[in-house]
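One chain, chain A, links the two complexes that follow: it is found with chain B in the first and with chain C in the second.
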Partner chain A sequence: MSAFTDVTEASTTTTTVPGDAPLLAVRDLRVWFDRKRQEPLKAVDGLSYTVDAGRARAIVGESGSGKTVAARAVLGLLPGTSRIVDGEIAFGGRDLRSASPEQLRRIRGREIAMVFQNASEALNPTLTLERQLTEHLLWHRICSRKEAGQRAIQALADVGIPEPAAKLRMYPFQLSGGMRQRAMLAVATVTRPKLLIADEPTTAVDVTVQRQVLDLLQRLKDDGMAIVMITHDLGVARAFCDDVTVMYQGRQVEEGPIRQVIDNPRDAYTRRLLESTLEVGHEH
Partner chain B sequence: MSTDAAELAVSSSSGPSSLAGRGEALVELRGLSKTFQTRSGPVRAVDDVSFDIARGTTVGLVGESGSGKSTVARLLMALQRPTAGEVRFDGQDLARLRRRELRGIRRRMQMVFQNPYGSLLPHFTVGTNIIEPLRLRGEGDRHGRREIAGRMLETVGLEAAMVDLYPRQFSGGQQQRIAVARALVLEPDLLVCDEPTSSLDVSVQAQILRLFEELQERMHLTMLFISHNLAVVEKLASQIVVMARGKIVEQGPTTAIFDGPQHPYTQTLLAAALPVRSDTSAYVAPASARAWVPERLAEVPSELREMAPGHLVRVEL
Partner chain C sequence: MAGTEMATADAASSDSDAVTPESSSLPKARSQWRRAWEKYCGNKLAVVSLVICALLVVIAIFAPLIAPYGYADTNYDNHLASAFSPHHLFGTDELGRDILSRLIFSTRSALLVALASQVVAVVLSVVIGLIAGYAGGLADQVLMGITDVMFAFPAYLFTIILVTVMGQSLLAVGLAIGIASWVTMARLVRGQVLAIKVKEYVEAGRAMGAGGTTIATRYILPNTLGPILVTISFGIPAAIIAEAGLSLIGLGVAPPTPSWGGLINTGRSYILSEPHMLVAPMVLFAITVLAFSWVGDGLRDAFDLGEEG
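Moving on, here comes the complex of A and B:
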């Protein structure tokens, strides 16, 4: 219909982004929340980052630093009281900021997917796993209903859920917390999106489940998926991500390769964050 | 008087299954079990758990969700009745106490929960929240209590002038400080903390842990500190109890557990902790640990054996 849809179709058939442009490029993003009789709250105040296919970027910072808002802005999933006042969001060469809600819907769940912190809240309690796993495939008309069922089983198997075919008929409450987290990851990745935005995907799970989830994300990354991981856990960032952006009070205070930033933090806040971080077997 | 000699005498008489090591135990859990009846059959949430908490020390209770940690805490606080076994607080078996006696004991044991906002009364001011335990017990007058609330706020690193504010006006870390202030207002002997820092940011977590360390020193608090975060218990606890599937799999001095974990489950937990400042984990689990699954605890008979003084490890029979 429009030129936009043509580009969408073209980019789904070719796996690489034209030229050397990164898959996702956010430049000088500013997101404000309007408030009554007060200055607007500058939740994100000048954030720039890029992510390439097969790479992972961590966005770290404490709660309220703007990391979740920064990630949601990419998907056009900002709360109604907020607005993007400035900046660019380019995904696969397309400008997402000027995309219409309809165009964004065609991208969400198909090319960009999101994983949330709390699987119990993010999954629909009234639908079986099958309905939730096939929803994106059917809505985006990626495949037939029959094939969608097969892909759903495969997606559950991929995230290490035993007896995936039997689990399809289950509701989220019938699964343990770790299983639910993995099922949500399966829902997000069943369409093989090019970009996965993961908001604290391991914060609510046990350490051993955390390892499993990270191994899973690693496999997806090795297959070429780009990942933006929002976390306040520097251990997770170091284990999994290539690059890191440190946010503090809406501003980007440091950015760079993860090891370089952790081993040689230049910003005072990054240093403080590192000092606060406890780790096993390390002199506290 | 030589305190060393006294400690030695107590520790040698307290037997091999004692975690106390030094000083008399404030809390003794003996063969504690709790079975819940569910629609899918009975669930043994806690299965034959025994350990001591010596006065003035902190025991770290670790394990994954569903391992029975919080049930142990509730049994210890006499909020639930054990199916078998006993909880002794200061030598008294809680199950044998009358309601009024239990009420007397309860003021000596207080709890701090994971979600500070959920555990504070939202329609009460911070001051009213803090003095609620005093009011319920009819202690002090209105004026005196208000003063105490102010003092408690200062104890936990906030300002006395904040008494008239409401919980929602505070950050998560400040709310947890308020919850700690309320737990301490009755000057308890025992503080049971159930994942008190898990919902907090790392920098705030560090502040709250520093607060607990200060309180340990200043008030000689005895604590049971429940956490799934090994780095947190390593910092605070002198003794560690590791639980899985309702059973203790390993217990002993913190240094022994962290330097030489014996049970495959402890080894897996330690190996799963992600390093921040280096590329390699502080601890790498042997191949045998990776093959072990918690289901074995239900399938294979096992018992706790003392491998070194005070260091108990569950071995399969």
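Moving on, here comes the complex of A and C:
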């Protein structure tokens, strides 16, 4: 039950931050999958974390640890039969759990955006890049059509896509994998959201693209965006994030500033996770 | 809601089209439609069939201009004229009506019936399939229940009942065939929607703040259009066959409007004395059905849909 004590310690440390409330505060979140004639599957079982503007939190864990579900719950985009059974999600002082679907829809894309792991699948194959980059600007009435076009070009340029104006007319399948990943990032960030949820943004890409993606995320963070990065790679988390939450089988086993957790892990699972990543790290 | 969003998005792209310069170093932007078209053009049989279909459509549209006589102009003094007779290339029938003209007008009948049936089938099946697949749950169960009942009911019998109720005009026959044939297409649309709605880009659309209507019409529907188009291209020959079958037994388009089934039925009586009266409509009928089916085959390959597409 070391996990439980860690949670309580973590929440006391995070609530002692003086001044403004954090941009996103998730407290004691529980997400269950209902199952027929079986106990519900507790995908997320008591997770608490906060993210402030201009900071990044990594949610680290192995496959099936509930990290993706934990992040998607914030957007109200839970899969299938899952539901939030308990906990609080406060974003900019608003309670997202009690928000109506329409209110959530207005927040999604505009204030909270999400980057998906598999960019090849996450871009609509029937829309040009321009459409995908401008549609939500128009839905959310963020700017005029003319400005949206300019912003789209800028967003592509920001993610390091060469000849952005010409690329706007292309369809996703005409781009390379790395290009798609960056385009996906441009789609998510063109609205300048306050919070970006990045679900394994560097997993499906090669090392050079990974570098570019992390550089871009760093710039966004420096501009004041809050970032929640879901990853199973502690190396990537250490390179980029300020705080880390380690999840194992739906439970939060450790939480704290990334340096502290990596240099001095308290939980046995975190130590195991660290060993498995650092071994690879030593090879180069 | 979705309508205005689409309109604004359309305007957005045309607005900045002016801004974006064309770059020569990049491959030309190709939509999935363009890609499918290029693949289609690689299939010679499909291209030839498409040309034949286009020709048939032109004949159907301009039938009154092309046909040398009206389809109901009788000339009792010159009935049952042989083929290649002075004024009648394909001779005349038992009432002295020009067979060539009747063939031309029957093309129009067939394509009108096919068009009407496919419009009805597409509208019904897209609406039903999209709602059933997208909404799921009770709506899905009810709609698919209805579809299954329809599927179990013999389509031909149902068409005959509908024609009896609605009358034997071209439009009524088309509607009847359409109403009796939307079932398979509705199932196909539902299946496509089920497959597409779990794709990550649909989730991504939601994460960008798209509403339900936008997701259904902008993210899911466009990605089902390929299979729908293929189904239509197979639905056209099926409707033509259905109409000819109905006309053959006197339940199709009412005379004097010509139809292939009717012409074939008349030709049957003169098979020994005037075989061209049977052969001509049959050949034209076969060419039409084959051409449309081969176009369907070409489209299916172009959209990579495999055998059951």
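The rule we apply is simple: the second predicted complex is superposed on the first by the 259 of 284 C-alpha atoms of A that agree within 3 Å, B and C clash if a C-alpha of one lies under 4 Å from a C-alpha of the other, contacts with A are read in each partner's own complex, and residues count from 1 in each chain.
Throughout what follows, a contact is a pair of C-beta atoms (placed from the backbone, for glycine too) under 8 Å apart; a residue touches a chain by one contact, two chains touch by 3 or more.
Just so it is clear, the structure is predicted and the values come from calculations on it, not from any experiment.
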Original post:
Overlaying the two complexes on chain A, which is it for chain B and chain C: clash or fit?
Top reply: fit
**OP:** Quick one: classify A:Ala186 as touching chain B (first), chain C (second), both or neither.
**Re:** neither
**OP:** Using the touch definition from the top, say if A:Met229 reaches chain B (first), chain C (second), both or neither.
**Re:** neither
**OP:** Give one of first, second, both or neither to describe whether A:Gly109 is in contact with chain B, with chain C, with both, or with none.
**Re:** second
Original post:
Should A:Leu29 be classified as contacting the first partner (chain B), the second (chain C), both, or neither?
Top reply: neither
Subject >> chain A residues touched by each partner, larger count belonging to chain B or chain C >> reply: C
**OP:** Identify the partner contact of A:Pro125: answer first if only chain B is touched, second if only chain C is, both if each is, neither if none is.
**Re:** second
Original post:
Once the shared chain is lined up, is A:Thr208 touching chain B (first), chain C (second), both, or neither of them?
Top reply: first
**OP:** Could you say whether A:Ser176 touches chain B, chain C, both of them, or neither, answering first, second, both or neither?
**Re:** first
Subject >> chain B versus chain C as contact partner of A:Leu274, first or second or both or neither >> reply: first
**OP:** Enter the shortest inter-chain Cα distance between chain B and chain C once the structures share a common frame, rounded to whole Å.
**Re:** 8
Subject >> Touching both chain C and chain B, counted on chain A across the two superposed complexes >> reply: none
Original post:
Which chain B residues qualify as touching chain A in the complex?
Top reply: 64-66, 172, 201-206, 209, 228-232, 234-235, 258, 268-270, 272-277, 279, 282-283
Subject >> For the chain A and chain C complex, residues of the former touching the latter >> reply: 75, 77, 105-110, 113-114, 116, 118, 121-128, 130-131, 134-136, 138-140, 145-146, 148-150, 152-153, 163, 165-171, 173-174, 184, 187-188
**OP:** Within their complex, state which residues of chain A touch chain B.
**Re:** 62-63, 176-177, 206-211, 232-236, 238-239, 259, 262-263, 272-282, 284
Original post:
Considering the complex alone, what residue numbers of chain C touch chain A?
Top reply: 5, 8-9, 11-13, 15-16, 19-23, 25-27, 29-32, 199-201, 203-211, 214, 218-219, 222-223
